[in-house]
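Below: the structure, in structure tokens.
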Amino acid sequence: MSSAKIRLGMVGGGQGAFIGEVHRIAARLDNRFELVAGALSSDPQRATDSAAELGIDPKRSYASFEEMASREGKLKSGIEAVAIVTPNHLHCAAAKAFLKAGIHVICDKPLTANLDDAEALATLATESGLVFTVTYNYSGYPMVRQARQMVAAGKLGNIRIIQIEYAQDWLATNIEASGQKQATWRTDPDQGGAGGSIADIGTHAFHLAEFVSGLKAKSLLADLDAFVVGRSLDDNANILLHYSNGAKGMLWCSQVASGKENGLQLRFYGSRGGLQWSQEDPNYLQYTPLGEARQTLTRGGSSVGESAAAATRIPAGHPEGFLEGFANLYRETADLIEAHRQGDSTESLVPTVSDGLRGMRFIEKAVASNQAGSIWQSLEK
Amino acid sequence: MSSAKIRLGMVGGGQGAFIGEVHRIAARLDNRFELVAGALSSDPQRATDSAAELGIDPKRSYASFEEMASREGKLKSGIEAVAIVTPNHLHCAAAKAFLKAGIHVICDKPLTANLDDAEALATLATESGLVFTVTYNYSGYPMVRQARQMVAAGKLGNIRIIQIEYAQDWLATNIEASGQKQATWRTDPDQGGAGGSIADIGTHAFHLAEFVSGLKAKSLLADLDAFVVGRSLDDNANILLHYSNGAKGMLWCSQVASGKENGLQLRFYGSRGGLQWSQEDPNYLQYTPLGEARQTLTRGGSSVGESAAAATRIPAGHPEGFLEGFANLYRETADLIEAHRQGDSTESLVPTVSDGLRGMRFIEKAVASNQAGSIWQSLEK
Amino acid sequence: MSSAKIRLGMVGGGQGAFIGEVHRIAARLDNRFELVAGALSSDPQRATDSAAELGIDPKRSYASFEEMASREGKLKSGIEAVAIVTPNHLHCAAAKAFLKAGIHVICDKPLTANLDDAEALATLATESGLVFTVTYNYSGYPMVRQARQMVAAGKLGNIRIIQIEYAQDWLATNIEASGQKQATWRTDPDQGGAGGSIADIGTHAFHLAEFVSGLKAKSLLADLDAFVVGRSLDDNANILLHYSNGAKGMLWCSQVASGKENGLQLRFYGSRGGLQWSQEDPNYLQYTPLGEARQTLTRGGSSVGESAAAATRIPAGHPEGFLEGFANLYRETADLIEAHRQGDSTESLVPTVSDGLRGMRFIEKAVASNQAGSIWQSLEK
Amino acid sequence: MSSAKIRLGMVGGGQGAFIGEVHRIAARLDNRFELVAGALSSDPQRATDSAAELGIDPKRSYASFEEMASREGKLKSGIEAVAIVTPNHLHCAAAKAFLKAGIHVICDKPLTANLDDAEALATLATESGLVFTVTYNYSGYPMVRQARQMVAAGKLGNIRIIQIEYAQDWLATNIEASGQKQATWRTDPDQGGAGGSIADIGTHAFHLAEFVSGLKAKSLLADLDAFVVGRSLDDNANILLHYSNGAKGMLWCSQVASGKENGLQLRFYGSRGGLQWSQEDPNYLQYTPLGEARQTLTRGGSSVGESAAAATRIPAGHPEGFLEGFANLYRETADLIEAHRQGDSTESLVPTVSDGLRGMRFIEKAVASNQAGSIWQSLEK
């Protein structure tokens, strides 16, 4: 680990943003990145102030991502990677600019604001040979990794049932009307894209189900609602899924479920056992081998495997949380970039642009199904 | 309460049955019934032995329900009520026989084996003027009553989301192949009817959602599976629901969810708050008023209302369970019968034949929707 | 089970009492007893009214237990057993009267109001050859039985640590001042004896620790308080224990722990594993084998042994509660009486007069230790 | 926050250590410190290797803390603060050396290996005017802060009962015999001091009880054990406490409680309500106002106050854990050092040398009480 820190830039994430600070902490946690440049806000004053607050050299605080990509791509010690944490509709153009400048990309989800953009971006990213990771951050939790490893090892037998939900309540009232920043862009089709809750949180849930189960969803059927009057994007989605092996799924995501904070929960039931994990209690995994006593596996405990152990920093009973899980994706991105430095490659569990593309297809098909009156839509290309 | 105990007969529930003994304990718990007659098994020897074991006079142990209805209807001190606890396909004929003999009926769910039977039976029951209750027993739990009362009082505001699930795992393997009695008839269309898990447990969940919310489901869409090879009735069902007020629902029922014992859970989210109740932890109700601290209401506690209090026997912290909830329906049926004795009537929360009929419509429409490829089906007549 | 029901009488438990109704439901649940006589209240009118309400023949409703013992002992079909559910100070005289009349005794705890009485009563009971059971009812819970069986089977290795607590809050304010009946006698030394919370609930906890662990406490050290102004008996007790094998214990009981309803919890830690059980969630037992994943054993599940299974009525996932656990003691008392009818004997887990006596020693020594400034007191005779 | 990062050194914490890495992550999380020097191991090679791995300039990797204190104290840009994370017996000498060099100290707990050292050190620290904080890290958890604020605001009324426990199982077997590094020094009186579990974890629990309640313990009574054969320091402690206001406490700490990982739990019961917090589920606080529904307060939620909010980085439902709580002490230490830079002072909740001293008195008195056969010992000076 004595090799030089990776020089990182950031687009978006200025003062008042939530996710930008999360990315910065995640980048810092394992001491693998150094934040040295930014186009932190579309508001020039805020961009400058934010950079100053973060100790970024004023000369490397840019007014636009275009300028930043262009100049940093030419600097001798320009950034090696960029974190893109803007509203969704800006992801695509920004990512393209940095790829073209030869800079690795860490992009927040959903990948873009529409499927066409996502496909174009995925092609570009693949052709570039650069690292492109997407922060489906919940896949970084150790016990999600443990679940994946157990499924792969056959602990559940053949998976029959997948129940996934992601419920919040922060949009239970019309807070966008009062200008709350997070809410405003997420409920605006021009900035958020065609999906509301399905884009903001449903994509996480959809990704995790495939990540853990190792299965691909082949079709979906959706019933979307915008319960809050005046809202044009969905704030609640009831979705049925068919998986490649015949497994059946339900996916519920909601941002109007009064009393739910960040209620992401995964459940898998197979012919030999079941697994349950809840993001709000992330250090534990419930395992129910058919016909035996229920087990609770604990992060850091003696019963978990290598995959979870590799994603763990401190012992069992000392809770790790959201930031540590998020930081795992940064650590793994660092490993990929380090391998790239060496002209090498490495296996990784970190989500990439192809996962981001798949999430966009989920959004588009859910919208299409709903518009057609809840008709099955294929998720295969 | 000093009036004479109600003379009760039973059809089905002989040795080896599960639900018959539950009905007997429920009938006994509050000392309102006296079991005096039975047609406990279609196997004559088992019928006789079962009656002897229960202390029933051998002269009132019958070989068939027809004989029992006929004779008890004429006895001076014949039974006043009968509990029907046979496999589903026998409910209708038995219930009709007792109604015709002027005897009140307590019928297990689902009401019958098909919708036509159910409609005919409902008509007969209504015309008879007799008491006809259906043991959707989970509605007898005090905290389910509390939930209903809170919804009615507007604690949730306008209900937007209903999430109901009922998951078990006892049919995760092909136990009917080895002759397990409970499994055999429930997985046999000739005895169970057109529905498997949707009939056995889905009807409970469907009923509770309407019971608590005060809403009616107006349409459904279903995706059914029989995961265990060789099984002809569904053992897993993913169902979407539309409710009368615009609320959206998901209902999952399964008998192959490895690790689930009797996982019935109800969740309601409205514009002002949410409620969650789990049958396996029945003495508590989670209440989440929007924007306030989460609350846990406890059965017998100072924060619960009259409806729950009336269904409670012992103080908070002294858990009541399945049998007590079941017994509440018997107690309330006794109240109805007592009122009938007096030529009177009384308000009651106990499910009746019309609830039973509604459950049959749920089953038929779920099967129809599934057969049509998951198409919306109306639940209105 | 076809033998005749046991004819039961009751002393105490008239209108307004709590525990009397619990005993009656428990007696009724398995259909082994028939309540036919009573001295239900020291207030003659209430005694008469209570008997009428319970359907007891007015001729067998007595004004005093002396009269009842005397007459029932001579009747041809007099009661075979009596349940004594009065305030503590009356237990001894009543129990003696029935023993002398040849009638089996089911006595609520604590056994008497002081240790001397308890010793005399235990001697009399033993010499009588009659059945004498004491309703340390929590020992009737299936998962408490499971815990006991697992300890006996060596699952914990050598027990090192016993942590037991029993916390309530119903005496957190001075409710006895307003005449609340349950509170009044329990906080009155003349009726309750020398112990307050230690007698009312501490004895349960003390008994359970020995019941499950199979160990005997050899000494204790106590720090008692009466936190509510004007109260003369303890409402909170912090107690240290030394067990026969070198294990160390802590016992906390309180009736002023604001927010606790009936928080009885048992924890045992040995060289090979641990066990945890909570009365408010009684259908589950937490088992933590050292170095392995935590397990949750469920009542009725496939992982529990014979002892728990024998105390279980309905399948896993269908919660049983306080009444069912209490009823197990009645059922087992019925088995003992049935054996006595046959001139036989039978093994049983139901607590008897010797357990009651041991509880009295616990109370007396706790009071003595506290008075001496928290000095160790021997619990050996 | 744009002021220069604080230059930090570290004593101890080389390869193979646990707590050193925790301190480093905590220091890094909020970007307020920069690790620039170290005496990371008493083994010179390991010291050098560890420094290299951490990117510390080899010239500032020292073979001893004496050399480090001496040289860094004279450097123009020498360290401003040092984190001392060695075994207990080295804390005192190291801390003195840095204080004398004018360098602020962040010291792990317990403060020293004996009470005399602690008193001398506390005097020196106070006279120095330097910042001296002690990492009773659990006090950094937001919901512990919330509990403290609620108690101060009178939510519990007068506190009557304090129940604190801290149970682990990592010393349930004789792992020190096999040379496990963490175990070896903690079970060795020469390195750990007179206390085993009471020093390692009991001091945390003792501190938290006072921190939250705002009360001081005035006396204690202890029953200590070393259950594992061959162990000379306690691995289990049962302790009774008397608090200044008349409240009574129990403190259990154990490192042999099979199945417990890091089970630190705090419970407080007062005349008006109760509070419960568990370190393994740290984002929630149970609040039970007497006679009302139980409440669950969540970190980041709308029901928590300023104190918790100030210690929170991300929204409710996004779990924070052990590292974030630990980092709060570093952040607050940074605030103190920043104020010191300005010649200013600031209020803070971070534990200081006087808390460390109090912990040492707790250890010494617990040992003394146990040796005297569990006799009350004063905790007042």
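All chains are identified by letter, namely A, B, C and D, in their written order; residue positions are counted from 1 within each chain.
As a working rule, contacts are C-beta pairs under 8 Å (C-beta built on N, C-alpha and C of every residue); 3 or more make two chains touch, one makes a residue touch a chain.
What you see is a predicted model, and the numbers here were worked out from it, not measured in a lab.
Colleague: Would the interface of chain B with chain C count as same or different, where same needs over half of all numbers used to appear in both copies?
Modeller: Answer same: the two copies use largely identical residue numbers here.
Colleague: Of the chain pairs A-C and C-D, which one is connected by the greater count of C-beta contacts?
Modeller: By the number of C-beta pairs in contact, the winner is C-D.
Colleague: Where the CA atoms of chain C average out and where those of chain D average out, how many Å apart are those spots?
Modeller: Roughly 43 Å, centre to centre.
Colleague: Using Cα averages as centroids, what's the distance between chain B and chain C in whole Å?
Modeller: 35
Colleague: Between chain A and chain C, what distance separates the C-alpha centroids? Give it in angstrom.
Modeller: 56
Colleague: Taking each residue of chain C in turn, which ones touch at least two of the other chains?
Modeller: Touching at least two other chains: 260, 287, 294, 298, 301.
Colleague: In their complex, what parts of chain B are in touch with chain A?
Modeller: Of all residues in chain B, those touching chain A are 156, 160-161, 163, 165, 167, 169, 172-173, 221, 223, 225, 227, 236, 238, 240, 248-250, 252, 254, 256-260, 269-274, 286-290, 294, 373-374, 376.
Colleague: Show which residues of chain C lie in contact with chain A when the two form their complex.
Modeller: 287, 291-298, 301-303
Colleague: Would you mind writing out the residues of chain C in touch with chain B in their complex?
Modeller: Listed in rising order, the residues of chain C that touch chain B are 1-2, 18, 21-22, 25, 28-29, 31, 52-53, 55, 168, 260-263, 279-283, 298, 300-301, 313-324.
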